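Chain IDs A, B, C, D, E, F, G, H, I and J follow the sequence of writing; residue 1 opens each chain.
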Amino acid sequence: MMTKSDVTAMIYEKKRAGGLTWAAIAADIGMSEVFVTSACLGMNSLPKDKAEALAANLGLPPEAATVLAEYPTKSFDRTVPTDPCIYRFYEIVGVYGQTLKELIQEKGGDGIMSAIDFDMSVDRLPNPKGDRIEVRMSGKLLAYSAW
Amino acid sequence: MMTKSDVTAMIYEKKRAGGLTWAAIAADIGMSEVFVTSACLGMNSLPKDKAEALAANLGLPPEAATVLAEYPTKSFDRTVPTDPCIYRFYEIVGVYGQTLKELIQEKGGDGIMSAIDFDMSVDRLPNPKGDRIEVRMSGKLLAYSAW
Amino acid sequence: MMTKSDVTAMIYEKKRAGGLTWAAIAADIGMSEVFVTSACLGMNSLPKDKAEALAANLGLPPEAATVLAEYPTKSFDRTVPTDPCIYRFYEIVGVYGQTLKELIQEKGGDGIMSAIDFDMSVDRLPNPKGDRIEVRMSGKLLAYSAW
Amino acid sequence: MMTKSDVTAMIYEKKRAGGLTWAAIAADIGMSEVFVTSACLGMNSLPKDKAEALAANLGLPPEAATVLAEYPTKSFDRTVPTDPCIYRFYEIVGVYGQTLKELIQEKGGDGIMSAIDFDMSVDRLPNPKGDRIEVRMSGKLLAYSAW
Amino acid sequence: MMTKSDVTAMIYEKKRAGGLTWAAIAADIGMSEVFVTSACLGMNSLPKDKAEALAANLGLPPEAATVLAEYPTKSFDRTVPTDPCIYRFYEIVGVYGQTLKELIQEKGGDGIMSAIDFDMSVDRLPNPKGDRIEVRMSGKLLAYSAW
Amino acid sequence: MMTKSDVTAMIYEKKRAGGLTWAAIAADIGMSEVFVTSACLGMNSLPKDKAEALAANLGLPPEAATVLAEYPTKSFDRTVPTDPCIYRFYEIVGVYGQTLKELIQEKGGDGIMSAIDFDMSVDRLPNPKGDRIEVRMSGKLLAYSAW
Amino acid sequence: MMTKSDVTAMIYEKKRAGGLTWAAIAADIGMSEVFVTSACLGMNSLPKDKAEALAANLGLPPEAATVLAEYPTKSFDRTVPTDPCIYRFYEIVGVYGQTLKELIQEKGGDGIMSAIDFDMSVDRLPNPKGDRIEVRMSGKLLAYSAW
Amino acid sequence: MMTKSDVTAMIYEKKRAGGLTWAAIAADIGMSEVFVTSACLGMNSLPKDKAEALAANLGLPPEAATVLAEYPTKSFDRTVPTDPCIYRFYEIVGVYGQTLKELIQEKGGDGIMSAIDFDMSVDRLPNPKGDRIEVRMSGKLLAYSAW
Amino acid sequence: MMTKSDVTAMIYEKKRAGGLTWAAIAADIGMSEVFVTSACLGMNSLPKDKAEALAANLGLPPEAATVLAEYPTKSFDRTVPTDPCIYRFYEIVGVYGQTLKELIQEKGGDGIMSAIDFDMSVDRLPNPKGDRIEVRMSGKLLAYSAW
Amino acid sequence: MMTKSDVTAMIYEKKRAGGLTWAAIAADIGMSEVFVTSACLGMNSLPKDKAEALAANLGLPPEAATVLAEYPTKSFDRTVPTDPCIYRFYEIVGVYGQTLKELIQEKGGDGIMSAIDFDMSVDRLPNPKGDRIEVRMSGKLLAYSAW
């Protein structure tokens, strides 16, 4: 049975062979590059029609579209990520976690920022002192119930 | 010897007693609320003059200013954070970590977003479907050396 | 500075000395016993007026009401709980976790049950083969964004 | 030798190909959807006749019925689950674990809720503020021996 | 507030000062030595009258009886015990765990031996090749529900 | 090269196909069911003649007898077992570990119960309030050297 | 799809068969031996032309050059390395970590040594008391932002 | 009894009060700043005369000299360091560990670089593109025995 | 109540103040230095008369003798030791563990070397190429039961 | 490409088929049984001529000799070993680790016993109270540098 990781491997292969970018793959189905990349990596499910369009665009077999639209079980392997590019975000959560909490709650009361009703973007901003990466996360403010 | 956690406790006490906000504490010394909060929590060092201003504003003893300006050893207790408000960010790094890496490297070549030459903001955005929290992170794009 | 765990200790002391129950403590402020117990244990914040009522009812100092209304940093000590009564719930999550996910998603699409917009009850149900404990959890269905 | 995970894979394949639901698979053998799903995922054993009925309904080979009726060794991979839908239940156990214990023991004396003489349901409840997921767990009250 | 570990310390002190044995402490209140020792170590609750008798026998303050009768939160520090006398039992569970499961289920169907409706004894058996320790554990056979 | 886990798989297959019990497999070679089960699971070595008898009785190839008689490297996968039937024994060690130590040392001086010069039995005892499982462990009392 | 670990295996095979050294492999493409070795082990990406030269020199298939130039996900298996040659460096970081921090910050202000804009060399230095290994690490001094 | 961490605290206090640097403290006793800093942090033992000189220079009580000359038990708290300045070195060991091993063994045969017969320096090197930190480690080449 | 770690601290204090050696402390009570050191560190119990002699020799209070003769709960803090002198032994067990097992079982049948009926010595052996430390461990050969 | 674990498997197969002992395999190439066993298990490298002799003696293919002479990456799987025969050594390190350190440093100054310039033997010593296993470890005394 074809799995999400089988489909991820197929996509990587098409991407290498065709010299494609995530930006192009996402633009071709009219969705954001963060969301499409995460779905291609097996961490989100694409809407049915988008999954079919992506499979068609990349020349994947039809079953791949079914798989891309299935709900994933999100699984990440290491408690502390080892790749430096990913670790830096882990470190930011460690160093600024309590700060994020203090400010979210100061602005929004006892609650959290949702990681489900959530979207994110990644951009490269030109800067004379060296370009910067800007990551913008947006999640719904969820208030704790009291009952 | 007065430590960073002693000073954090003093600040929390003044903040509770005076009904203060991080926003106000930060504005009073002309710095951002994320940075000032993190420094008050012992995760960053304030510039000397800012530390003195903050200590004066809150009525802390002079040694507290020295301590706020000292370079901290950043230490976070749990490998996986337990507070839901902080955990959600850990989860985002787990679920979207490889996606962040793919896009940073697609846009910037083999490298990372710095967590040192870095700044961050937290805002509450009004939204008819429920207000949202927006976290914006910006870090310098650092390229891996080849030698 | 008085902390949440100081207040928890005061409440346990009053409870032991007065032979009180959580049910009575909660009923006296007109809230559910699950929520009030969790707030007394430092895992939730009481609304201001409820905190004041609870402090008054138990004869706690006024600062205790302030503390009960503050937003807690939820912290649990052991990755795998050791007390058998708590462990059994951990085991249920381990054994039935994927089942819960399959059914929540079959009924609600790709998403989760919120643990924030959430309430819970615990009841003892008489049963001729031996009484049973019924735990009912209710959380808002949150759908993953696609963007 | 055919294993429980072989059978789980067969069932997923039949389910995808036939567009089946867990609700239908369970109803067809006259058992609850939580229990049948967990048995299909290898976490519980079906009674012999139910196993045979399920295998026949799905067109599985006869050995699959034998396997579905065998007693499983329940094994869950990660100490802290990573999928958000499952993690939220882990978080609830962490945040409310001591509360559950306090109330179970207040209502039932020194003891626990059984996770063996246990049943559970998952329902979607319509709600004008957004539908809710209700999980109901029921386990026999077991008293600690004193001897 | 007096805690279970305070009472354990008092009991150890009385035991050292009086040259007492667990066997004698248990016999004096007419209960088994395993159960009484575990209650003195804070891992079980004594029935009210037994707690009072034990406190009186050892000359502990009355609050100690209250504490001994309270329901404990069982907590053990290390995932893998380090003391050799305790480790050997951990090792037995590791080496023979699957064997215990196979035989319990062969004799009793899909289910477990209860650790709650449970009792245990420890004896020294004279043996010409060297005396032996015999540990006998007895727990109610609990069958998994199917529903 | 045939390994212990290959032989375990063969035995499980013969056992399923023939509807055999561990009790019968053990009785046929005149050894206890605990020991024989553990040896079939790769956790103990059978005496040469017993290994040959078992292989012959089950119709295993001759090399299987060699493998059953080889000394195993005992390996158990998870620090904390997840199967409920096995976990309960882990929990008993956690809750009663210090109690076991106190009583073994009270009866036998500074030392331990051996897990090597060791035997164990598992029985189902009829009981009007519900049958019980009795596990009896017996190990040589080993005294710590002083030198 | 050819992976970095496939290419590493090819290189090890060529290296064994040809009796090659890392020094020679690196010299042949005009880069340092530390960087080239790390790239061959899948921990860094070679510039396109260097990857092609290396593949040609070793007789690897053209796809190997593509793979050597792709950006790696750096992954290291064990939290604490077990090989003694690698462990000693881990130990140095543990023993001297705080010392390194004190001195880097004394010389450079609040900041760190970059591990990205970074290079390293390994040399054997003749010494009458026994030759020495000298490892020289050089990273850009990065200052923490304040904002 | 005065401990190494007591002495470390005294030194930090003197250093803060006197505005001292590690460079000056080390120079005053004629030893390297890395070694002296590590000894002040309790990770190495100073020669007797150096310990006495350092204690005299800083105005520490005589027992502090005794403590500084005692052999430390090196203990580091976290398996993975959290402070970014220290973590980067951990990351370097993770990313380049196998590379270090390949090159040390290529240059020196089967063996390691000693972390005991070892010295280290930390320098800031001016650089037009941004100053750099250079860490130089030197350890005796130790060959594995064969016997 | 005086504990083993209180007594260890007293002994360290006497040892520092009197410039004593473990060799002398052990010789004065006619036992080996390994065993006496381990007992002073709280890892073994001294025979009553030896405990009294040691307490008298060092000028400890009488209760210290009682404590030294009590049976310790052996507890070691870190799963992987950090001090290099101790770590090397951990490493030897890791690297040579399977080798030790192969040879013990080749020489003694299926069984182990006891760590309870056990003694050990540590010596410095002069050697022209550099003195050596020799550690000799001796434990009773224990055969696994078969039953 | 043939790996060390391939060669280990070949040697185990030859050893089982030929009824060989490690003692004989080692004697045939004139080296110690500890060292040869560890090299056959992939934890040490044999000198070239010894590797060739061993391969010839056992009838292994020539590439096996190359592999036996290659420098291994020593890797051990579990932080805490599970096999009882190996665990006992881990336990000895835990229980006696600080004792070993105290005595090595009392005899040799601040330093360690090398695990690299190291040799070991394992012997069975006849003893009327039960034979004993004696393990003798010898490592060069390495003094910490001060610089």
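In this section, a residue touches a chain if its C-beta (ideal position, glycine included) is under 8 Å from a C-beta of that chain, and two chains touch if they have at least 3 such contacts.
None of the values given here were measured: they were computed from a predicted structure.
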item	value
Pair joined by more contacting C-beta pairs (H-J or C-F)	H-J
Superposition rotation for chain D onto chain J, Cα-based, multiple of 5°	145
CA centroid of chain C to CA centroid of chain D, Å	23
Distance between chain centroids, defined by C-alpha means - chain F, chain J (Å)	30
Shared interface positions of chain G, touching two or more other chains	34, 73-74, 76, 79-80, 82-84, 91, 94-95, 98, 101, 105, 111-112, 114-118
Pairs of chains, among all present, that meet the touch criterion	A-B, A-C, A-D, A-G, A-H, B-C, B-D, B-G, B-H, C-D, C-E, C-F, D-E, D-F, E-F, E-I, E-J, F-I, F-J, G-H, G-I, G-J, H-I, H-J, I-J
Residues of chain G touching chain J in the complex	9, 12-13, 16, 78, 80, 82-84
Contact set on chain J toward chain E in their complex	80, 82, 84, 87, 91, 94-95
Interface residues, chain E side, partner chain F - complex	21-23, 33-34, 37-38, 41, 43, 74, 76, 79-81, 83-86, 88-108, 111-115, 117-118, 120, 122-125, 127, 129-141
Of all residues in chain A, those that touch chain D in their complex	1, 66, 70, 73-76, 79, 115-116
Footprint of chain C on chain A - complex, ascending	31-32, 34-35, 44-47, 50, 71, 73, 98, 101, 105, 109-112, 114, 116-119, 142-147
